[in-house]
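So that you can tell them apart, the chains are marked A, B and C in the order they are listed, and the count of residues begins at 1 in each.
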């Protein structure tokens, strides 16, 4: 980090290709501004997101994860987002219990026509991440020997 | 009850109603039981029912081919039903020999109560709501709630929910929910940082023997994500970071299948309080989706089912 | 002919403090209910009251569950490798049991004779082992069936025997003799002390009640090696976890993994287990896909293959695999039930 520059969080977004990814696209083509903090990964459906992806992103040092899909009732595959909803809900709650700040795992419904909502979501999530600071969950000492012995 | 079990098991094998019997027999150590998995009707006489039947035998259901007669406590029966919900076993291939359970004795708790290890004790007996421990010729009595596993103290369904033969009258469990919940409540009082620190510390002891996973009937993946190499999600190296991710994701993957049988915590050789994770997930699932694992063999599994409106407050 | 010393139990703290100046002293330590050999904290000797044996075997102090073999950085010129710092501090393990000391001697055959393992040997060659005889073996212990006494050892440098309020100290190796020569504050043992020690050793020897018959064991195993039905029956309840192998003081299998993140990374080695279905999946397929083959492997490796190669059974009867098994799978029962009589 260069001196004088503000720390910028890194956010990974798993966006469903039918709705949220198209929404992000629309935000772009409409020349709407949203924070450049998000790195987008296109997934076929929000239901594709295994909670493991979220953990892996945090393990790699991303400051936050956003899972976004079609609004309930509008899934291209009928029920993928309903399944995602259960999965993301338990993941969010469970990670909070384990001690991961709730701001780090976010979820939203953004349709292909909601370019505006997409920019708002990214802005809000980024703001939340700036408030809690960098993800240092896994960054403590590199060695974690299985025994206490030296 | 024990004699009836032996008779029933023998009859099932003799009449060809089942190919296998899965139950418990006496183990090779004091107060130990060990799974008995057999095709031989003569082995039926070795079956036992006692307050030391720790294993969740549902774990072995998917390992044998053919029809199975299986001994099940309340939690085990739910694990069996859960396997049916996931189409891992068919109802008609299983004869459930239900045992109304009065709680299983936690030998680690007994050791702490009397300050001696299990092989140094003369006898442990369950008498009503008491547990009597004989040590150095002297008999000491404790409340059963002091000596049973935490998960037994929180048990909602000690009598099997699904069975073909019920061995005895339905039982009521000896419950002490505050005691069963104590460790979890303590964690909830901490700040997120303290909780993370707590788990980091606990998982720095983990040696990745995978006993927690392998003993769990809900963990039935052919290949676990921790063992994937393309991509390599976590290293098979016991660093606390990888250990913790393994356990967090395992918990999420078995959500809605975990029946709080407590086996993962019992078998951990380095005493990681795993039930403080699994039970929280068990409660979360109930709170968010009013779902309890293994209660209805016709119901869709938790992570397949959905309601039109639920958990919306967690989404933007 | 070696002169014998003794020390008051209450002076053990002082002795360990003295040794701490020269060594990293490891002693039995209980953390979260798990006994390990861990760095001594400088004062606590309460382990003398509770210590029977550790859950994590002392092999972990030489061959840890995981260790970094080297780290590397990648740039335009290629990889730059950095070897880990060698801990210059010598380990002194206080209180190792004869079974576990013997296990280290067995591990030496693999890590020193079969090939030279620099990571293991760096720690092993500089270490001093101070043995402590058992007074209260577990009901799962069966060391005496393998020619090991719970209270005597030739695989340690010094051997301590409980003789009431004191420990008798015997010098076993030159290394031990040297250490004693440099250690002040020890008293000369009397003939009465030695007699007491002899009695104590016999008593603890007799306390080991679990027995196996190792006579002709190799032939017996060979004879029933192909008895698939037998092994299937024996293996049925095994859950293929790693407890018996990881916590076995003589099991030495390891896996090697690289991690590369953002141009830098490290190579790790960590314990592996023949009980795992994915064992050896990395270079090839696991030839032991069925569980019974893996169970057979564990039994035969210890009681047939290791003796064939090194002329010693790779089991010391420490009983950990019996005590800690999630399903009470008991190797002594298996060895006693082999379907052949030779």
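Basically, a contact is a pair of C-beta atoms (placed from the backbone, for glycine too) under 8 Å apart; a residue touches a chain by one contact, two chains touch by 3 or more.
Just so it is clear, the model here is predicted, and its values are computed rather than measured.
Novice: Could you tell me which chain lies farthest from chain A when each chain's centre is the average position of its Cα atoms?
Specialist: Max centre-to-centre separation from chain A belongs to C.
Novice: Going by CA means, which chain is nearest the middle of everything shown?
Specialist: So the chain nearest the centre of the shown protein is B.
Novice: What is the distance in Å between the mean C-alpha positions of chain A and chain B?
Specialist: 34
Novice: So what's the Cα centroid distance for chain A and chain C, whole Å?
Specialist: Centre-to-centre distance between chain A and chain C: 46 Å.
Novice: Would you kindly tell me how far, in whole Å, the mean C-alpha position of chain C lies from that of chain B?
Specialist: A distance of 31 Å separates the two centres.
Novice: In chain A, which residues are in touch with two or more of the other chains?
Specialist: Expected reply: 143, 145-148.
Novice: Could you say which residues in chain B touch two or more other chains, in rising order?
Specialist: 205, 207-208, 238-239 - these are the residues of chain B that touch more than one other chain.
Novice: Give me the residue numbers in chain C that touch at least two other chains, ranges are fine.
Specialist: Only 31, 56, 65-66, 270-271 qualify.
Novice: Can you list the residues on chain C that touch chain B in the complex?
Specialist: 31-34, 52, 55-56, 65-66, 136, 138-140, 236-237, 239-243, 246-247, 255, 257, 259, 268, 270-273, 276, 278, 281-282, 322-324, 326-330, 332-333
Novice: Within the complex, which stretch of chain B touches chain A?
Specialist: Those residues of chain B that touch chain A are 187-188, 190, 192-200, 204-208, 225, 233-234, 238-241, 243-245, 248-249, 251-253, 255, 277, 280-281, 284-285, 288-289, 302-306, 308-312, 314-316.
Novice: Which residues, counting only chain B, touch chain C once they are in their complex?
Specialist: Per the stated touch rule, the residues are 27-30, 32-37, 55, 59-60, 63-64, 108, 117, 119-120, 202, 205, 207-211, 213-215, 223, 227, 229, 232, 235-239, 263, 266-267, 269-271.
Novice: Which residues of chain A touch chain B once you look at their complex with the stated criterion?
Specialist: 50-52, 55-56, 59, 72-73, 79, 82-83, 85-101, 106-109, 121, 124-125, 137-138, 140, 143-148
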